[in-house]
Amino acid sequence: MQGSIVNQGVELMLFGMGTVLVFLTVLVLAITLMSWVLKRYFPVLETAPEANHSKGAAAAPATTFAAGDATLVAVISAALHQHRSKHSDR
Amino acid sequence: MQGSIVNQGVELMLFGMGTVLVFLTVLVLAITLMSWVLKRYFPVLETAPEANHSKGAAAAPATTFAAGDATLVAVISAALHQHRSKHSDR
Amino acid sequence: MQGSIVNQGVELMLFGMGTVLVFLTVLVLAITLMSWVLKRYFPVLETAPEANHSKGAAAAPATTFAAGDATLVAVISAALHQHRSKHSDR
Amino acid sequence: MDNLLSLWNDSGLAQMDVGQGIMICIGLLLLFLAIRKGFEPLLLVPIGFGGILANIPGAGLAYSAVENAIHGGDPALLLELGKVLGVAVGEQSKALLSAYGLGGAEAKMLATQLANDAGFSNGMLYSFYSVSIASGVAPLVIFMGVGAMTDFGPLLANPKTLFLGAAAQFGIFATVLGAVYLTSIGVMDFSIADAAAIGIIGGADGPTAIYVSSILAPDLLGAIAVAAYSYMALVPMIQPPIMRLLTTEAERKIEMVQLRPVGTREKIIFPLVLLLLVAFLLPSAAPLLGMFCFGNLLKECGVVDRLSDAAQGSLINIVTIFLGLSVGSKLVAAKFLDINTLGILGLGIIAFAIGTASGILIAKLMNKLGTTPVNPLIGSAGVSAVPMAARVSNKVGLEANPHNFLLMHAMGPNVAGVIGSAVAAGVMISLVGG
Amino acid sequence: MDNLLSLWNDSGLAQMDVGQGIMICIGLLLLFLAIRKGFEPLLLVPIGFGGILANIPGAGLAYSAVENAIHGGDPALLLELGKVLGVAVGEQSKALLSAYGLGGAEAKMLATQLANDAGFSNGMLYSFYSVSIASGVAPLVIFMGVGAMTDFGPLLANPKTLFLGAAAQFGIFATVLGAVYLTSIGVMDFSIADAAAIGIIGGADGPTAIYVSSILAPDLLGAIAVAAYSYMALVPMIQPPIMRLLTTEAERKIEMVQLRPVGTREKIIFPLVLLLLVAFLLPSAAPLLGMFCFGNLLKECGVVDRLSDAAQGSLINIVTIFLGLSVGSKLVAAKFLDINTLGILGLGIIAFAIGTASGILIAKLMNKLGTTPVNPLIGSAGVSAVPMAARVSNKVGLEANPHNFLLMHAMGPNVAGVIGSAVAAGVMISLVGG
Amino acid sequence: MDNLLSLWNDSGLAQMDVGQGIMICIGLLLLFLAIRKGFEPLLLVPIGFGGILANIPGAGLAYSAVENAIHGGDPALLLELGKVLGVAVGEQSKALLSAYGLGGAEAKMLATQLANDAGFSNGMLYSFYSVSIASGVAPLVIFMGVGAMTDFGPLLANPKTLFLGAAAQFGIFATVLGAVYLTSIGVMDFSIADAAAIGIIGGADGPTAIYVSSILAPDLLGAIAVAAYSYMALVPMIQPPIMRLLTTEAERKIEMVQLRPVGTREKIIFPLVLLLLVAFLLPSAAPLLGMFCFGNLLKECGVVDRLSDAAQGSLINIVTIFLGLSVGSKLVAAKFLDINTLGILGLGIIAFAIGTASGILIAKLMNKLGTTPVNPLIGSAGVSAVPMAARVSNKVGLEANPHNFLLMHAMGPNVAGVIGSAVAAGVMISLVGG
């Protein structure tokens, strides 16, 4: 009886650890295959959906901002802060 | 038996479509009556609650904005964008 | 029978009001004791957690804002308003 | 032609009775008060709307499957229902309904099986009520959210204000006395459990009132909840005359000492202290005050802001919708249009008035006995009705002395009143409910 | 070795049958359409995923405890189940399943007790389905959220557009006729309740379709929901050809009169007017339209923004997740892979087409009879499919006349269509469901 | 006087026993660790608070109606309960409780009917537990939310790290062995199902541990959940010594190759690939991994942001509150204060240690066998404890080489560990639970 539960434990370990290993190995293969298929057969499409996800580049206007206007930037951000601190009381 | 289910279907169509028409006709009448009663008997009150709902006219400051300051506007909105793009990473 | 429900009511009042008073009196004592113990035995720790909770003083930038720039403030806040009224339609 | 008749018989106009018409008007009135007059709209909009839904003739939204079967079943079904409920053949649906209401768990289960097999199901509002109120969950979850929105700082800075919160609960128990007196002289017909549930209106705390009524007097829940929320909205009208009557101009002008700042650790430890006192002294208040302390701890501990935001945001909002509709389901004509409802409304306002007066009188006493000045106007805030009563104290105080800002001082008794009425609720459940 | 066998026997590959494989592919197809083609992704992503989960061989996620016991129990258990379900010894599991489906409430309870005692429990999706759809709650809550997102301004400004919303419901009833005709000639096998549930696809309104099917034809719910949402996504393809066919270039160019502004009070009172009409005329539509009006009142009354935000935000999102997965649970191979599903898909698209045509034709009639010009293109928006159908009207209008902005004009019939199909749902539940 | 006695008898002090006092202190300790020391506060604050509530003497918040009736019922009721539960007259409440625990579904239902009729009802925490954990829903919903917060990018960029996630699960199974060994030598008394549930602590994944325990060993759930979350919080203390012991300075300095960018489509397809593998190979893991994949698909597919936000925002927060309180309900003295709890705590930390060591050793092996350099420190992240274990890898790596940023590299094994322990959970439920 005492041997029996230890046996059950050993079996559980062997089959459990085996399944985990087999399952994750198959998953490694499946991922590798998926990535390879996507890269090999649908290479062009990849960039398009990426772009869809980037949601309007906010960088563009920022780059038109003249360098050296550091003072103005400071003033404006101070105004923003002041404005926010006023309105955050609500 | 086969005729019977067709009969049931025809009846369902007649009564169903009839009810939809009658109900929506009554609803048209009720809406028209409601609008008329409100307009006729409670005309003054109407504007007040409207104003309550508009929550501080944001238009006023904008109209005091001197035309021709297009450059400044551009600079400020660029600052805003920059500010946002910095903070949206959080 | 009629007397009985009145008696029950009187009892409920006496025991209920009594419990409320006793409970809240004990609570007053417990609070006073707690505050005293904290003040007496753990005095230094108190300020630290307070500071953790104040979450970044927004006042500092605002105070660096030069007085007399009232016009600029007006322009900037108008820009902010305009910007918001444009974007709040979404 | 049969279909036309069937449609007409199913229509509301054919099945409407006067009581339902009146209740629909009451529902519309509640909506008007909530939307136009700002009477506690977060609760009274759903309650009023639920009241209208509950009284739609023929829809049976507020009834259980068995009740719907009794109203709409054929004679054969009624006969079978009579058998399992132990009602003699030939008796009317009223006898079936009352037998179902009083029946044991097994009879109810058998009757439900019969009703389901005959195609009847629980009405929408009945389902909402079962899940949210009969289970006790919704008021407790709302109490947790209230805890997460409550700042005990002013109370901790001046713990003596707890006595004001205790005093104001006298309104609760005085009302219990009133209710049993009305019963003893034969005007009303309340049990002691009913009287306790009615008294809790004086606690001026919505979820506590709903929680207590759901346990002690489910039939009166609709009237009690409507009275509690209506009078809470009317606090700015009920309290000031009483406050002016019981205080002198000089008392109203008393300026109170600035409250000391309260540390984070005190605020974190307080809900645990309160919880332990509840655990040791009054376990029957544990569900209510336990959830209240839990919500407050979530807020104050500073490390679970996600949960605190959920408790006082999405969760409380969602639960409020269903709680309100469920309370509305108790506004069915058969139960609400009753002389007892008038008694509840009358006793409720007396409870508020007595609570207000008790708070003020004890504040006057504290002012006489103690050394630090206490403005008696903050005593009225002890009824709770957070934060309305505290604002009323502040407003009446400002009228007497424009430099007298009582708001923070009144918040102490205000939140003490929440604890006080939860304690009172626990006592009543312990003494009457068992 | 026993364990290895047990693991293999438990694995999906060993238990998979062809139907499940096909259904998993259909689930993947729905996900592809939703994600890649933008087919109503909010519903079709959860439905498609739920469909895959429901068909995982051996997991039994979509089955009740009793069904799982019948699939996986040993002979002794099946014998006992047979006894309580009244099935003779030796018969197959199919007989047990059918007896369980048809059994009374008591037999079901006894069978469930046996299954639970033997260690079987309800599958995850089955639990989701019971709580969200079988109870009727989820579609109603979503309808409340839709109400809180709907602006009745355009409808109130031009109430006559309600007739267009009524006309488009002809698609529903024509489809009912089609379904009973197919049954009468022996091609399909639909009951009148099935036919009514299929017809409601023509209402172009997801929650209404799910609500009606859950009452009238739970077995067809999966196919009906998939058809309804798919065709709603296909509206920009289904409607334009019909619109161009039935209108002349001149009609499509008609510019409509600017809508009058609608006051706040009108918007607040409208949901109450609608509710009262439902209460008096068609109580069987009270759950659907009641919750819809409630949501709209929360939005318009302006004093309960917390609740309105919850109704159209966290609450509807949470419920949508479980509703979608639950609908997916009805995509089990045994029920979906059936000739009837093809019939449903075919009839569904006919319903959309007839609804579109009816709306346009009545709009043409109104244009002929009335004095104010009506562009017939707004008639097609009467099928609902909010706001897609209104956008389609606008787009086809702009093609004919670049200065012709029909969007706001089409929103009137668009929301009228929602009311219209809810009324139709009420009629069908009243006539067929009782 | 009777009332005074009744109030005193109802009070906590009169009913308190030593065990409850100890458990309340343990609850306060958990709160202290969570709030002051930052131990997984999102779970341990509700668990600790729930633990205190569960041990309030006389409140019975964690007990079912029947258990409350057995504790508080009069002899006549106990006699009747004894009859339906098959316990001989005159035996003690302990026999009744054990008979109720072991009873079949029918006996339980009859006993519940008796208790309800006698006025006893389910405690608040018992209700929360039934709805959230016994139904299996809460851990699954939280797993969905975790899926919606997980980025599989690093794993997809370097799929071999899955082996590290697999290796670390050895901690689970080694602990199972330890538990059965302790039982075989008579020190503890665990069944094989208990041992499996204890082992899952080594999975370092809260919802998985709760889900498995609720199925395999509900009585041990409290101790297992507390151990799992406590050790997850202690990962920064448990892991570094083991990591330093098993690696050389040179190994810790290894810099890894920059990960390739992973496309949106790979991220969308990955949860579906994982789901299909689960469906085909291990259906018993379908609930856990299915919901996990569903959450991840919601996040990655980019078209249902509303649902993704709900899954990782309001929904997971709400469910966490109730899950935590429900776990706390299992911290009742009678079940927690047991030698087995010490065994669980001891075995749990061994599980973490062995899992950490296995991950590192396999990483060293991969470094030896492969061509691309692998820093063995990322192996320890395979136990999951997301994202703490990955941060620990990064920190220990930075100590050895200030230019060595391992965080993203460690995220691969980290999320692999989540999948690995869910697979292990599926195997154990399949082999032991059936």
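As written, the chain order gives the labels A, B, C, D, E and F, with residue 1 at the start of each chain.
Note that in this section a residue touches a chain if its C-beta (ideal position, glycine included) is under 8 Å from a C-beta of that chain, and two chains touch if they have at least 3 such contacts.
All values derive from a computational prediction rather than experimental measurement.
Using mean Cα coordinates as chain centres, the one most removed from subunit E is C.
Set against the Cα centre of subunit D, the chain with the most distant centre is A. Distance between subunit A and subunit E, defined via averaged C-alpha coordinates, is recorded as 34 Å. A straight line joining the Cα centres of subunit A and subunit F is 25 Å long. Under the contact definition stated at the top, the residues of subunit D that touch 2 or more other chains are 3, 7, 281-282, 302, 314, 427, 431.
Shown for subunit C are the residues in touch with two or more other chains, namely 11, 15, 19, 76-77, 80.
Within the complex, the subunit F residues that touch subunit D are 3, 6-7, 10-13, 15-16, 24, 28, 31, 34-35, 38, 41-42, 45-46, 49, 52-53, 55-59, 61, 110, 112-114, 116-117, 119, 124, 127, 314, 317-318, 320-321, 325. Subunit B makes touch with subunit E in their complex at residues 2-3, 5-6, 8-13, 15-17, 19-28, 30-32, 34-35, 38, 42, 45-46, 49-50, 52-53.
Looking at the complex, you find that subunit D touches subunit C at residues 155-156, 159-160, 162-163, 165-166, 169-170, 172-174, 176-177, 179-181, 183-185, 191-192, 195-196, 263-266, 269-270, 273-274, 277, 281-282, 302, 416, 419-420, 423-424, 427-428, 431-432. The residues of subunit D lying in touch with subunit F in their complex are 104-106, 109, 135-137, 140, 144, 268, 272, 275-276, 278-284, 286-287, 290-291, 293-294, 297-298, 301-304, 306-307, 309-311, 313-315, 427, 430-431, 434.
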